[in-house]
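The following block contains the structure, expressed as structure tokens.
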Amino acid sequence: MCGFIGLISRDSNVAYDLYVSLSTLQHRGQDGTGILTFDGNEFYVHKGIGLVSEFYNEQNLSELKGRIGIGHVRYPTIGSDPKKDVQPFITYNPFGIGICHNGNLVNYNQLKQILLKKHNRRMRSNNDVEVILGLFASELQKVCKEDTCSENEVFEALKNAMQQINGGYSCVSVVADKGLLAFRDQNAIRPLVFGEKIVDGKVVAYGFASESVALDTLGFRIIKDLEPGEAILVDENMQYYSKVVVRGQKRACMFEWVYFARPDSVIENKGVYEVRLNLGNELAEIWKKKGIKADVVIPVPETSKTAAVSFAQAVGLPYREGLIKNRYVGRTFIMPHQKKREFGVRIKLNPVVREIKGKRVILIDDSIVRGTTSRKIVDMVRNAGATEVHFVVTCPPIKYPCFYAIDFANKTELIAGEKTIEEIRKEIGADSLTYQEIERLKHAIGVGNNLCMACLTGEYVTDVSEEQKKLLGDTRDKERSEWKEAKAAV
Amino acid sequence: MCGFIGLISRDSNVAYDLYVSLSTLQHRGQDGTGILTFDGNEFYVHKGIGLVSEFYNEQNLSELKGRIGIGHVRYPTIGSDPKKDVQPFITYNPFGIGICHNGNLVNYNQLKQILLKKHNRRMRSNNDVEVILGLFASELQKVCKEDTCSENEVFEALKNAMQQINGGYSCVSVVADKGLLAFRDQNAIRPLVFGEKIVDGKVVAYGFASESVALDTLGFRIIKDLEPGEAILVDENMQYYSKVVVRGQKRACMFEWVYFARPDSVIENKGVYEVRLNLGNELAEIWKKKGIKADVVIPVPETSKTAAVSFAQAVGLPYREGLIKNRYVGRTFIMPHQKKREFGVRIKLNPVVREIKGKRVILIDDSIVRGTTSRKIVDMVRNAGATEVHFVVTCPPIKYPCFYAIDFANKTELIAGEKTIEEIRKEIGADSLTYQEIERLKHAIGVGNNLCMACLTGEYVTDVSEEQKKLLGDTRDKERSEWKEAKAAV
Amino acid sequence: MCGFIGLISRDSNVAYDLYVSLSTLQHRGQDGTGILTFDGNEFYVHKGIGLVSEFYNEQNLSELKGRIGIGHVRYPTIGSDPKKDVQPFITYNPFGIGICHNGNLVNYNQLKQILLKKHNRRMRSNNDVEVILGLFASELQKVCKEDTCSENEVFEALKNAMQQINGGYSCVSVVADKGLLAFRDQNAIRPLVFGEKIVDGKVVAYGFASESVALDTLGFRIIKDLEPGEAILVDENMQYYSKVVVRGQKRACMFEWVYFARPDSVIENKGVYEVRLNLGNELAEIWKKKGIKADVVIPVPETSKTAAVSFAQAVGLPYREGLIKNRYVGRTFIMPHQKKREFGVRIKLNPVVREIKGKRVILIDDSIVRGTTSRKIVDMVRNAGATEVHFVVTCPPIKYPCFYAIDFANKTELIAGEKTIEEIRKEIGADSLTYQEIERLKHAIGVGNNLCMACLTGEYVTDVSEEQKKLLGDTRDKERSEWKEAKAAV
Amino acid sequence: MCGFIGLISRDSNVAYDLYVSLSTLQHRGQDGTGILTFDGNEFYVHKGIGLVSEFYNEQNLSELKGRIGIGHVRYPTIGSDPKKDVQPFITYNPFGIGICHNGNLVNYNQLKQILLKKHNRRMRSNNDVEVILGLFASELQKVCKEDTCSENEVFEALKNAMQQINGGYSCVSVVADKGLLAFRDQNAIRPLVFGEKIVDGKVVAYGFASESVALDTLGFRIIKDLEPGEAILVDENMQYYSKVVVRGQKRACMFEWVYFARPDSVIENKGVYEVRLNLGNELAEIWKKKGIKADVVIPVPETSKTAAVSFAQAVGLPYREGLIKNRYVGRTFIMPHQKKREFGVRIKLNPVVREIKGKRVILIDDSIVRGTTSRKIVDMVRNAGATEVHFVVTCPPIKYPCFYAIDFANKTELIAGEKTIEEIRKEIGADSLTYQEIERLKHAIGVGNNLCMACLTGEYVTDVSEEQKKLLGDTRDKERSEWKEAKAAV
């Protein structure tokens, strides 16, 4: 996942606004955070481990001078070194370029070799974004002979860099003496919105962000989602220039609406909350055909609550928050292995027994990855006295690995990659199991075929050879995260 | 507020269980936390500032040896020194007694003087519980001539101490070489439950907690809520002794159900989630009489969500979570004054514009204290495009200060203490304002007259003279907390 | 070892003066430090691990309010818990008493049992001083019936306590509402000086300290060393009262002059620097009789430098600092075992080869404990090219354990406890070995028989049965410190 | 000042050896420290504020992998940002180059502009070494077309870079895939030694260091001091290549022997301890001519002790360490302004009154900069009872600013820059004042005219125009340090 924000202000320092805005993207990553600013002369960076509210303080925010800057929240990934890999990254040659991103590269290892052998650039981290930065910087150095360069030269260098990159990525960057630059891969897989703040009829700031909510909070108006392969450069005089530097078909990640994004965000002009209500209504249609009787609709917190509300209304059953999540058992909650087994999912979820006992319960969840957590939840609901437990999932079966965002784990670890729905039902111990359908998912989102659904269909947007898939599985283990764990921790 | 847990286990160290359990009570206090254990020989204590998940680690938990212990989470109070006042407290004379509590004393200052002048005991903190500990220790020293003492002597000493104390309080205590002791004031104002863990038909542990959820999570069965003035001592051989040491009428704080407690807790045998559904239904009755038309029901997060669900169902309108809370803007989120004014409530709440625009919105909140936050929320909803905003409150008007839990601020700061409902409506800028009614509140809770509703009625459970009220207002300022702020931060 | 200071000022806060003063006693203990103050109402304490300059900062010093206070530096001891055992200690009953000490109790374990069984006082630490505090507090509680007590009652209580204590100890204590109290064991084994600060002819402050230098630095005048068994109480009106509460013969620890104390301190009216010059002169007398020829006198840093200067002058040889100590390899310098072996003593000492090569070297050291370090130093000097190495020791052979200060390790670990001088010479690899003589040591110090020399002679000042010696060896292992290591680290 | 070490080992990781070695250079800088290693693939860096023994721990040392690395200790400079300016510095383009240095550049500002405008390299710090690194990296990029480069290309690039640099500097650098590189300015102003470690007749490691003691401690043999303008590259196969890349006359800083270096170091084949003995003997010659009578010779600690020993012997007076330094009042010792004035120099120095009282005292110090500290010391010695105080200085009057090491402050702040010796004597309150003579200084060191004595004579080794002097005075204020303060803190 990961989330970022970039701001350029006509008159004010941007550090505090970046900080506030980052806190609204915290659900996209709790592992680390960083802010980089530029004051026309020097770069200032503070980045490290922890939540936005933990890491920043008056001291380090006051040191982040300048009216142009970028900020990042990092998703926890296993095996990577959080101290080395936390963003933004910076190079001081040429000019000084700071950058952060959201996404994943398919040909990361090849690009790293090219940078070392062809451009003499050694990477200091294992982070995709450093490779993007290295390519962009090397191309910029080639294109710009003078000690500064024009907008067209920036776009030219970016084009040369992006043509070599295979993956899904959105980036925001500070280019010293040029301005704030954002760009999105040629399929627009990962989200990126552009907005402006208007005071007394005048634009006082421009911003880019992973989600619209990050700009909303600052009182911005959303101008647009960037097009596939589009780059926008806002210069230091608050002029902006846009160019589609590489062309491609829009293929927005469907999982942003289903799970990643905050409900109050709007992606590709589709409100996330609204899409989730639609998902619930679509599921209700499927459910009604099954003719199963039930007493209560209970969401598995947090994401599926919205769909559960519309589902309950549509099937005419009461909506009850019968599973209470312990919000304080998060990222930093330690637990010895033996205790983990003893307490299990109970540490994070507690049933409201009086809403469950003696009832036929419909549980709504947003997805099933390995199935182990689902099993524990079904058991817990039965132990709380449910007479029947029906499991309903707002997303269709996830059968294939993702190469453009966070890995869902190997195909062999995806329960739906190997098993039939009936087999999954048995494994999670539910009385019935109802999945969303792919066409209904598309209908609920409402952007037609402009979706990446590779994890559902196996049809990858960019070239991913079988070999590469295996290679990735082996060598990028450290990039793979226990996303379900992390999700529970949000 | 504050929350605590006490455990005695037949065979196992209790530190990890206290830690897990405390995390379920974190909503009762995020300022500080502490755990104290006793291993038959020595006391071990770790306490400090921060969340449970932040403060504890493998190192300090492993140092907390012993199969008997208590833990506490502390509510932030302005002016007190969190480093000095964080619980548990301990005295090494006589025997060694560790203690923590939830509540407030009316005659704190007098008792502090008595301890210094009569018992030569100097207090090291400004914490109520140290006074309770000092009195209990002094009386125990008097009662027990030998180097140990009987159950009856413990109850006798406790009686002598409790007879001097005026206030609402629940306590749990480790008495070295005796066992785990819990006691509750003579009106049972503050909650306290007793439970046991049974494995293979045998009791392996007993526990006390502020809320049932703390014991649920550990797999305990709730035995009972303690009676007014009751003390229970579980000795080191797992025998327990109960005695009502001071007598009084039960007057449980109604605000536990309305706001304080977690929805999955059960207090005085009444489920909190259920009571909140009832509160929504009761409000719907009032609302329906008003004949106002509306389009959507939106809760002000978090507590009022449950009542909003039942209210929406009862009035036949859709329930929508149209205000999204930023969970990451909490306790430690810094913000310069100017930025606070600039961003306002927007930092913490963001509207889902598409669910609000062009609609007549019913907002459900649990209470109005000063009114300033309510005003900002109404404004925000209007700015998001609501054509009408109707404000509905699950709790009746709070008109009087509380002396038994957290101060709501002075009477002059309570908007309902000074103004009529129509004046309040104008001040918060709503199109209509609907409060819960006192009789309906009682009906929703369902424990008859066994309630403390002093903050609604001004009828105090214990002796609180006018002079004392003023005195408290002056000298205990530091104990008064911006509870509404803190609540928003949860 | 350990060091302490106590101050009472007419008008000013004492925290900063305690802090400055403690830094001059840092050589007596680098493990931890603490300051306690009392402002007439509350006690303030900050204590923890680390050097004085590391642990204190503007924040914690400013919180230590009050014109009366005590401070401590702690010597590192193996096995004890530095977090629990760091001084000062405090009890809040009766009155509030803070205390710190320097010394060791022979009957610690018995006293701990008496306190628990007879006085119901449980100890929270394994520190001697808590036992002294517990006894004094219990006796004070018995003696003073009222909420305060007279000077005579304080002395009476102290007498009752001290009569039960067997050991060598000096203490300084704050008694709330009474003043600053210092007392010394009946043989005055451990040092304790009393001083005053005079401004414009008026006493503005009184102070007590382990060494005179601590008071010198603050501009105080030394009044006297406390007598055996003497207690002095300075009350809050700056009146002072003195009384010998238990009687005994003065037996000051000879090792204070030889090694412990700073050269600029004066103990029992004998300057430490002067005594060390005398030690060098006495040794020269012995040396001259041996008729050995040599070229240069080199001290083993740090303590023996003074004696080496006078020795060199007396024997007519040049004094050269041919071994340079790395002052930065101290307490916190980590080193894996394998590297320790590889580098050996070289990490801490480096030879000035040009002052050693081709020369007959006389090395002066203050003592030999186990002999292993001496062996390494002799080897290093030979490797640097010395043709002969003669080892001269300013202290006579240490043959017996000490029960009044720091343990020198078991008798079996003391090389002089088991071996002849010739055997020791062989073991450390020197060409000759010359020890100080006991009578010459007495002569050099110049206080006649008022010395404790138990570690040289085995004649203990207080009752130490053979059984006790064994018992101590076994159960107080944690109190035994690698003093030679620690010394090297200073 | 600053100090560094560079190591390349045939087989072993170098981190621990760098760490041990750095501790022996700690006297050259206590502000910050850093170690950088390279394992053939990745760079590892840990750098930060604090002493070597404070900053490193098992964790960060174990992360510093690789058999080639460099380490640095940083001298405190006022106004610079220790977090930004702490060394080593690194660039990842080309190849990856890590570097650290000791020295000062005269044309720093011009070079910074050239790098930005001509090479598009933006500096991230205000540190000289980053400019050296930037020039070297830019030239290397130009010279080496391939993805690696030959020894000659490295020397060629270095030559191009060094020809642009005006100043005094010694550097050690890791060049990825090439090896360990050291180089010294064309006048060899700042020290730099080269050594090897031989085990069983085979070279197992090579090393470079600011002082020989850093290599001694590791058991190395010194091969040589680098020549003016010489560069030595040890490649990964342990072959070494040497070349004088820029030519010039040797002008070693005389202050290294007088004050900077450790007594056990050897610089330009002259032992520091020996030179200081010579300085004392030379001073004795001057003193004897004056015919003043005195009783005792007392050094002002620490550096002047060696000269005081030989001086005392030569004039036939006893040597006494009559001023005891508090070694624990260092870098981190806080003190409010008012207390500083109250305690003055007394916090850091304490007189041994019995060695001073009634005596005619000769004080030996290594230099007088502003004169304020000297005044305080003279006063203190008089207050301790000295009947006369004679001040003798081992270094001739410092009259001019230094541009090659640490600034001594502006010329107007140097007391000898403005005043006659008689005026200085009056200002410091001594009965007589005796300075070293320049010719005697040269004689004592014994390297002929190969000395930089610009601070004594005003004859600068490199081109320093009057304008530049003023410019430096203005814009590099932050680089100027209270060196005398810092010295006292060592």
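Worth pointing out:
Going by the order they are written in, the chains are A, B, C and D; count residues from 1 in each one.
As a convention for this text, a contact is a pair of C-beta atoms (placed from the backbone, for glycine too) under 8 Å apart; a residue touches a chain by one contact, two chains touch by 3 or more.
Computed from a predicted model, the values in this text were never measured in an experiment.
Using the average of C-alpha coordinates as each chain's centre, D ends up farthest from subunit B. Taking each chain's centre as the mean of its C-alpha atoms, subunit A lies 37 Å from subunit B. Subunit B and subunit C have Cα centroids separated by 52 Å. Rounded to a whole number, the gap between the C-alpha centres of subunit B and subunit D is 62 angstrom. Touching two or more other chains at once is no residue of subunit D. Of all possible chain pairings, those that touch are A-B, A-D, B-C, C-D.
In the complex of the two chains, the subunit C residues touching subunit B come out as 42-43, 91-96, 116-124, 137, 141, 144, 147, 176.
Those residues of subunit A lying in contact with subunit B across their complex are 16, 20, 23-24, 26-27, 51-54, 56-58, 61, 213, 216-219, 262-264, 266, 271, 273-274, 305-306, 309, 313, 318-321, 324, 326-336, 339, 343, 346-347, 350-355.
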